[in-house]
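What follows is chain A paired twice: with chain B in the first complex and chain C in the second.
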Partner chain A sequence: MKTTEDWSEELSWRCAACDRPLEMGQVTVTYMENSFTTDMPRCRQCGQVLVPEGLALGKMAEVEKILEDK
Partner chain B sequence: MEQSDLKQWEQRCIQEEPPECTAACPLHVDARAFVRHVRDGRWREAWQTLARTMPLAGVLGRICDAPCQARCKRGEVGDAIRIGALERVCVAQAQENYRFTPLPSKGQRIAILGSGLSSLTAAWDLIRKSYGVTLYDAGDRPGAALQAQHAPILSGDSMTAELAWLEKWGVRFEAGAPLPTPSFFQQTVEEFDALYLGLDSIDSDQWPLTRNAEGSLQVDPQIFTTSNPKVFAGGLTSSTILRAAQGRWVATSMDRFLQKVSLTAGREKEGAFATRLFTSLAGVQPLRAVAMADAQSGYSAAEATAEAARCLNCQCLECVKVCPYLEAFGAYPRKYAREIYNNESIVMGTRTANTLINSCSLCGLCQAVCPEDFAMQDLCLQTRRSMVEKGKMPASAHEFALEDMAFSQSDDFFLVRHAPGQKQSSHLFFPGCQLCASSPGQAAALYDYLRTRLGSVGLALGCCGAPAHWAGRREESEKILNLWQKQWEEMGRPQFLLACSACHQMFRELRPQVPIQSVWETLAAVGLPESPNTSPSACLAIHDPCTTREALHLQTAARQVLAAAGIAAEELPLGQELTECCGFGGLMANANPSLAQEVTRRRAALSAHDYLTYCAMCRDRLAAVGKRALHLLDLIFPPAGESDPAARPRPGWSQRRENRARLKQMLLEKVWSEAPVAGANYAKINLMISAEVRKRLDERRILEEDLQQTIARAEAGGPRLRHPVTGRLRAAFRPRHVTFWVEYAPIKEGFEVFNAYCHRMEVKS
Partner chain C sequence: MSQYPTQSLCPICLARIPAQRVWRGQEVFLEKHCAAHGFFQTVIWKGAPAMAGWHRPKLSSRPAEAEHGAKQDCPFDCGLCPKHAQRSCTVILEVTQRCDLGCPVCYAASGPKGDDPSPAVVAGWFERLGQTSPGANIQLSGGEPTLRDDLPALVELGRRAGFEFIQINTNGLRLAREPGYAQALKNAGAASVFLQFDGVNDDVYRWLRGRALWEIKQAAVAACALAGLGVVLVPTLVPGVNTHAVGAILEAALAWYPAVRGVHFQPMSYFGRHPGRPTDSRRLTLPELMHAIETQSDGWFKVEHFRPPGCEHALCSFHAQYLLSEHGRPRPLHPLPMAGQSVAPIKAEEGARRAIDFVARQWAAPLSGSTAASGPSCACKEKIPESSNTSPKNSISLDDFLAAAQSRTFCVSAMAFQDVWNLDLERVQGCCIHVLAGDGRLIPFCLYNLTAADGRALYRP
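Entry: the complex of A and B
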């Protein structure tokens, strides 16, 4: 799930529990028995991910449809 | 769907049937395409269209007697298109090279006697089938008699040009042959593998062939055989195009004879035939044919294009004209049936027709306007069922509606009671989930009124199962219908009084044993309550819900109620049995929200009057696109505190749930004097949401309940993110198949929500 989005806004958020800034890191995305990895903002310490709004409504929705139609 | 089912579906849609002009032409020239090219001044393409089917287009195009014109649909409104005259100007305008692909010779030789139109056509076709062809003519020059017969139109070099083509492809011309003599006949029969007698240019009583009582040659009228198996004959007709056609059919017979295959099989569609194509002439203005400035020389190019512009370009498309859904996918039911079949047959790969299948509103208007009864709704519903059975239904298509249905069937809303103090019910009022979601006060007022008029009227709050039915989930819809049937039996088999026409359709079609009546019928029978000043402020037009298409008595009853209220309303151009869906039917709005909105907009634009309807979902969808719309109950039980009920906005999805839950609590308290039941803890969280954010969340189908759950979990110690500058929090929660993200901040009264979004994929680090 490659994307050219600018995530500087998302990366300015901090994990509330660990009080650490979010950093880009590998996450696993799963849908309908399909699984793949990509990079998203996340807390390096506890692993809490932030799925950006633009990604959720754009590319993710597109891939969801593709997988549903498979 | 089996292949045989597909064939039946395809057969039913007549859009690809040929137009009358093509069906009337013995050669099946695509006159519709030809005229279209002429209209657009594309002379080259026009000529190619003729030459694709016509032999010797340079000759035949000049002398074709155009039997197509007698069946031209334009002729029913004005004059038929003068297709023959257009052919003449076209072949004079453009002369292209004919396509000819030489094949290896079959090594068999055919003699053609005479050089009339049938002979020349037979030669034209047989040389293409790679036979050796020799054409014998009695005169000095082949085609001379035909040319003389059609002077002056064939006087130029048109005949010479076509003969040159034949010669180029290998037809041998033999002039001065003694065609009528028995010796020549005998010699040719022996020398060649087959022989054609072109009776349009030669005849002889000396040929040793059987004759009928009148003395003419005995020829089979379909396959053109004579008493000698090697000898074929034809061309005895005054119609030029039919003479050419006979030459073509003879060539087919001779080819089959020499290939030793059946001379008769599969030839049913030779010649003129009846077509099933329907073309509506409604609204077509009559037009006379364009006059020729010079009748002698025929149409000029400019006159021809003007004449061609009168062509109706015959199509059916009756359903596509009235349905934005059928229009949106760019084709027509025959093609859609094929796409749906392919979609079902895919083993590996993308199912590209899922959206097509799930976008139909199942309203049945296509069938109502189709001359052949093609029911797109049946095709889509049966396919949805099969997708569900095979586990191939996209989860996102209907989930939101199914969860809303589950809410209606949950303790939050579901309720079945006899009237207070009663041990039995003669009637059971079933307001339906969406009337209660939209106007709980009116549902309650109607229940009170029905009790005062009919006495022992029980109440049933819940969903009829329509969303599951529309989603193709037969197991779930049956479960719900079985539940209602059991309730009906336990309550002593009361008559259901239904306020929603979708519920009415569900029970009518799927539980015919349960006696039902629409509340509009009930109100028409028992009369209306006295209500002060219910007159609407503007003219009204009636919008019938699509679920009443096959229940005209509901439409009549609604009009009776309206009349009893003393209010006049106009009919819409597409009303009653031709009414259109509001965009909610068949869960169109779930599977394809943007198309559903377009459907609602188009419906709303049919009249400038305020709409009056008797389906809560129709009213709310119309209101959502800015159309002023009233529900029939607005006239009988004017909503409290609404000075202009036609302008009241559509309640959002969250409101629709809350309205149902509150209605149940309110009725339990007021009608049955029972204490209200407390809701879940998160429901106590107070949210501040601006109107703009609220609208966005409703479009994204995110409920307040989803926000409350997400915030409750985050505030109880769940993972949260914090923005260092704004101090806002962001949290995610995945209660079932969807992850909700909420951006919020604590305030004194509770929490302010700034945004929310959701996705179905699961993300883990």
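Entry: the complex of A and C
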């Protein structure tokens, strides 16, 4: 699991709606009828998340490939 | 009663004739009439999920290289002609015609004698396949390929030609008897063994194979586990002979996990050497098999898990993928049923790409270390919930999922081959399992093996 240190660049963002700093927190993502939990930067107030590019192109892409039906 | 038009062959004279899929209640029949030899009817689908909702639409892809133009039209123009709608996913190379079993049931009608192509000929085949079927998975078959002492060298030839996934289709005799043989195949670059495996006691082997083989099969799996070769158990299912053993076969497969990567059921087809013209009671259709799997596995594997294929014609197969929990219980990767749903068409070549990747990933040994057959229960730290519904309490940690997907995936699948009685040319034109004939032509598996009622072959020499 990536730690907050890994997402330092993303954590420097602020939530545009709430003007609060993003914090690492557990979120649930769903893809092809499967739910996964992972930690990613999110706004504590409104719950919006920022999907780091490294996560989208890394682990998330890997999960998509595994779930890709033959 | 509704009908769907297609084409087939006369079982007697092999003339191409019109045919219909005919619905009668929950059953679907292939019906055809030859002006010279009369009417033929064969059951092709029985029960739920309904055939009408069992679809996976594809946009036709021409083979990478059509081998020639159409002359007499399908099915008389193979190698692949411009009418063919799918590229090769798996190419079967028969590296010998000899076999040390001589089973009463054999699509290749193999026996103790026959020719072996030279290594130079096999090297030429691989070179040709690099043009016609780039990136395809390869299955070395026969006859019994392990009768060739140079089989590891043939595997090396394939790997050097750029084919990453090479599987050995075998009865397991040599793997069981010769210490170090499985390791020699592994060292040469083989990824997987497609193991003839019809049941878990000797009665079924005596009926289908002519002799007791249960101990041999267990020893073959153990040898592959030790060598780190992935194993796919391949039961030929005959109603009244071993259709009651479906659950026991799945149980054995799970007990041998992770060495055994999955089970690939094949309802018996009536071509090559077989007991004679079948009645409908000697047929096992795909829905009947799905129900047998669910009933005999106490619902661990359910009908609703099974999906039509994205590569070959939808009516030719089903499959389901699972993650095994730490207690060995299968959790479906795709928990919602696909049958009956509206599915967007995909390009046939994209379906083939996915199937090639999937087979190479699932049917080889897992990447993480030993495949010693320790059974599915494990001390692994990943937590895989046993339920598959999508409520948050059944969520999986992304990292646990990725770790489990490396080492704890399991697959249950089946393929319904076609013989001269139930042949449907629409299905054949979507075929992705091709045999490389000795002269270099690619021929859909069912057509290559098809024989008329009197045993005359359409293509096999």
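Definition applied: the second predicted complex is superposed on the first by the 63 of 70 C-alpha atoms of A that agree within 3 Å, B and C clash if a C-alpha of one lies under 4 Å from a C-alpha of the other, contacts with A are read in each partner's own complex, and residues count from 1 in each chain.
Basically, a contact is a pair of C-beta atoms (placed from the backbone, for glycine too) under 8 Å apart; a residue touches a chain by one contact, two chains touch by 3 or more.
Please read all numbers here as calculations on a predicted model, not as lab measurements.
Asks: Report for A:L57: first if it touches chain B alone, second if chain C alone, otherwise both or neither.
Replies: first
Asks: Does chain C touch more residues of chain A than chain B does, or is it the other way round?
Replies: The partner that reaches more residues of chain A in the superposed model: B.
Asks: With both complexes superposed on chain A, which partner does A:E33 reach: first (chain B), second (chain C), both or neither?
Replies: Touch status of A:E33: second partner only.
Asks: Answer with first, second, both or neither: which of chain B and chain C does A:I66 touch in the superposed model?
Replies: After superposition on chain A, A:I66 lies in contact with both partners, chain B and chain C.
Asks: Under the stated touch criterion, which partner chain does A:D6 make contact with: chain B (first), chain C (second), both, or neither?
Replies: neither
Asks: Given the touch rule stated above, what does A:C46 touch, chain B (first), chain C (second), both, or neither?
Replies: first
Asks: Would you sort A:A16 into first (chain B), second (chain C), both or neither based on which partner it touches?
Replies: First partner only, chain B.
Asks: Of the residues on chain A, which ones does chain B touch that chain C also touches?
Replies: Shared contact residues on chain A: 28-30, 32, 60, 63, 65-66, 68-70.
Asks: Of all residues in chain C, which touch chain A in the complex?
Replies: 307, 309-311, 319, 321, 333-336, 338, 351, 354-355, 357-359, 388, 390-392, 394-399, 401-402, 405, 409
Asks: Hey, which residues of chain B end up touching chain A in the complex?
Replies: 349-352, 354, 394-397, 719-725, 729-730, 732, 739, 741, 755, 757-765
Asks: Considering the complex alone, what residue numbers of chain A touch chain B?
Replies: Residue positions touching the partner: 12-17, 22, 25-32, 40, 42, 46-51, 53, 56-57, 60-61, 63-66, 68-70.
Asks: Can you list the residues on chain A that touch chain C in the complex?
Replies: Touching chain C from chain A are residues 1, 28-30, 32-38, 59-60, 62-63, 65-70.
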